[in-house]
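Below are two complexes that have chain A in common, paired first with chain B and then with chain C.
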Partner chain A sequence: MLTRDTRDPATLPRLLLSLLALALLWPGIHFSELDLGVLLQADSQSEMGRFVSAFWPPAHGEEFLQLLWQATLQTLAIATAGMALALLLAVPASLLASRALSLSAASRGGRPSALGRLLRWPVRGLLIFLRSVPEIVWALLFVRAVGLGPTAGVLAIAITYSGMLGKVYAEIFESVDQRPAHSLLQAGSGRLAAFCYGILPNVAAELLSYTVYRWECAIRASVVMGFVGAGGLGQQIDLSLRMFAGGEVASMLLTFFVLVLFADQISRLLRWRFA
Partner chain B sequence: MNRLINLLLILCIGAAVVASFRYLGIDLGELTGSGNLKQMGAYVLRFLSPDLSAGHLQAIGRGAVETMAMSALGTLLAAVFGLLLALPAAGRFGWLLQSASRLVLNGLRAIPELVWAALMVLAAGLGPNAGTLALAMHTTGVLGRLFAEALENTPPQPAEAIRLQGGNVVWAFCYGTLPNLFPQLLAYILYRWENNIRMASVLGFVGAGGLGQMLYVSLSLFQEAQASTVILAMLVLVFAVDGLSSWSRQRWVKV
Partner chain C sequence: MTLHLNRVSLTHDTGVRALHEVDLHISAGEQVAIIGPSGAGKSSLLNLLATALRPGSGTVEVLGEQAWQLGARQRQRLRARIGLVHQAPPLPPRQRVVTAVLAGKLGQWGFAKSLLSLLHPVDVPGARAALVKLDLGDKLFAQCQQLSGGQLQRVGIARVLYQAPDVLLADEPVSAMDPVLAGHTLSILCRHAREHKVTLVASLHAVELALSNFSRIIGLRDGQILFDLPAADVDHDLLDRLYANEQLQSPPAPVAPLSLQIPRC
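== the complex of A and B ==
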């Protein structure tokens, strides 16, 4: 006769796991000085409340709109110029780092010789280094080196994104069918010719959509980098935050949303046309 | 005709690139001029001798632990609030609550972490608490949306079976829906945690604690040796997270 068991057989292990997680996280509360109460405290609430209540109506003075327009254009220009510089470095680096154009790989079934792998390592290492330092750290460093303003933002985007684009391009080259390029190489064509006729036709669509996606990311990144003084919309948001000008912050955040939506539409258009 | 439009688009892109450089007034020739290059070289050289004294390393260790704690607690808070918001966002309590909670989630997600951090520094003061709250805010938006989609995609039959047997709504959710959902939730949480560790190390630039604040302070004081150690620590953290996540993915996530 079956009896109903109202007990949950998995209770004990779950309880133990939860206790373990709690024990690990408990010191974290001390280290992160977590205090949710500040959000509800009377004085900070009134401080915050006054700031947030200034959000409506968003600032829309003639002079401010002019400033906003300039900052938005600057953000777009930083992202575009940064991407252009990044491509200058990323395309040659990806060609150097990719195994797809290895002569020894063509005759050894896709595995380059030890020497070939050794020679590719410095380029790979450089790309890893460029993309491992976050872009905002690069921006902070460049603000110190070349001064406040959009130049630092452009250079920071160029450096981080060349690392990412170079790595991803090299991987895309390796991910498609290698036989056309290998047969071209073995028939005696140069590497560039083998790339242009053996690999590029297969990868063009993917390269393009990834590049456009990265441009979209660059716009978001250039807004964020403004917070360390690298120009554009972010710098204006930072300034207005420090002056507790809630209305200005609100209209700039709205502009940011519109900009992201706009970039999304442009990238959809480009992908649809070319890919 | 099609080709013409494509050609026009390419021309537009070229024009946009040229216009951007013009608009920003970036003169690459001046930037790479001999005097400027020498100055930048001298600046870079000062980074090449990182400060590895015991006291500084200890401070960095504390900063790294703070960064980890911020990311872990921020993600955990976000998971809890994300699940709470995901239930109405998946349409379980009627369309009114559904569209309201979706609006909240979109708003939370649309503002980048760094902007949240700047806002939270105003509300909660300088320090890691502001960073934790900022991470929690943005991640709640992201996780809430992912959870809501996962909730909508889980098969409803187990929960329905429990309801038909007379179990109440809570039992049906806990024993009918959650077991199916749990692996996916865990995968999302771990993925966001990974992102948040990286983010937490730079949130300090606006005063929200962790390694970022150390880097900002030491760069502002022109202590390049100390700053380069912090950058090295950030690199180690990023590599450790990358290694851990690829290992755990191979180990736990069956493809």
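== the complex of A and C ==
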């Protein structure tokens, strides 16, 4: 029976949205000049095969492993130091940018006052600027300033990642139940105390998980920056590729696999502990 | 005058008019119950008294201060002297009961002490004393997510008892408890208020609880005060008028469904 009770009012908007998504996807494929057929052509396949076959067997000489160990430690150090510096900026910025600490929102049903929203914009703008410039550009800039070496990588990661961490932290704070913090603010508590007692217990798992994931990303990013001379495993990969030493590249890729696996396990452990 | 509302109106963001030109005076040490049908504005009224909501018009005076003409810092200091028990206390699920109770004093503690208490509870005896009053002494180190709705409500009450405010407001504080426990918990609240000369205002669903525990009853309906009387003067007639519901009185007669079908596909 087709009465008005059986017609879902959401059907039409959903259908239109799906069509819109398809309509936007098609020009996207066109503009990116995506052509999967190239992969199947014989000469490109043999070319790729030659490149990959040079990777076997992975290099495992005594001297090379020593070098690999040093480079791995350096990569870990770059990523960790960069993250630590990024957190120094990201944590205060996220607290400033987030509506979760708004005193006016607590007495206005969750909407901050116009002034509060206005004051949050400069902080959001700063975070947007910090992360909109790719880390490789920062790295190139710092290589010129402080010379070749890990320092440039650390600074580049610190700047870009503080933008990313600050933005996502602020959004995580806003995504959980705000009532515990609001009720504390309404009982006279300060903002930071209300944040620590009302919001932090709910976001701890999410924060840790995202931070570990970003640390993992920082390890990978430090490789890309190694290509422009910012030290670590990336610089070694760059050198090995130039010398056509595929085995060495394979060993280093395996090292990456282990590092990412390691980060993944830490993240799982922390989430299990805090959720 | 501890609590003083003068021609206060409140309209929610959704456009619903919650309160309309309400005048209310409550003296220090009074014990007042607010009753009324669902949606009458009981929670809004309590939130206004707690300075948790800002009125659209009119003035709210709490403990001799015009709450919304103070600076933010002074208002926070005033709020530390007002305790509000929520119907479903908003507590983070993973927070321990002891931390949730100690959070009642955040308005009186400095930030350093608050932070220290998060790492290691600074006043376990104080929190235990508040919980023991409500028969929850054994749940001191449990997580809030392990408690039932009624137990959570009692944790919320324990937090406000620990806060030791001058004005105690309670929004349906015993709604998730069985009748015996509800009566017992309410009498604890009232006794605490009497002993510490605290002004107590509570909204309640159960009319009998309100009449037996409170000396002054306010009937709220459609955002306006229908009556404001001593408990002894509240009779059946008044209660019938308070809870009258035109929509529920006559169940709609089963209308024979029209057997008119227009096939459309």
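By definition in this document, the second predicted complex is superposed on the first by the 219 of 275 C-alpha atoms of A that agree within 3 Å, B and C clash if a C-alpha of one lies under 4 Å from a C-alpha of the other, contacts with A are read in each partner's own complex, and residues count from 1 in each chain.
Keep in mind that, in the parts below, a contact is a pair of C-beta atoms (placed from the backbone, for glycine too) under 8 Å apart; a residue touches a chain by one contact, two chains touch by 3 or more.
Everything numeric here is computed off the predicted structure, so don't read it as measured data.
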Partner chain in contact with A:Leu192 - chain B first, chain C second, else both or neither: second
Partner chain(s) touched by A:Leu184 [first = chain B, second = chain C, both, neither]: second
Which of chain B and chain C A:Pro201 touches, first, second, both or neither: second
Partner chain(s) touched by A:Ala84 [first = chain B, second = chain C, both, neither]: first
Chain B versus chain C as contact partner of A:Val260, first or second or both or neither: first
Partner chain in contact with A:Ala106 - chain B first, chain C second, else both or neither: second
Touched partner set for A:Pro150, first chain B, second chain C, both or neither: first
Overlap of the chain B and chain C footprints on chain A, listed as residue numbers: 274
Chain B-facing residues of chain A, complex: 8, 25, 27-36, 38-39, 44, 47-48, 51, 73-74, 76-78, 80-81, 84, 132-134, 136-137, 140-141, 144-146, 150-151, 154, 220, 223-224, 227-228, 237-238, 241, 244, 253, 257, 260, 270, 273-274
Partner chain A, residues of chain B touching it in the complex: 5-6, 9, 16-17, 19-21, 23-24, 26, 31, 36, 39-40, 43, 65-66, 68-70, 72-74, 76, 110-112, 114-115, 118-119, 122-125, 127-129, 131-133, 175, 198, 201-202, 205-206, 209, 215-216, 219, 231, 234-235, 238-239
Interfacial residue positions of chain A with respect to chain C in the complex: 1-2, 103, 106-109, 111, 177, 179-180, 182-190, 192-194, 196-199, 201-202, 204, 274
Chain C to chain A touching residues, read off their complex: 12-13, 50-54, 72, 76-84, 86, 89-95, 99, 103-104, 106-109, 111, 114-115, 118, 163, 261-265
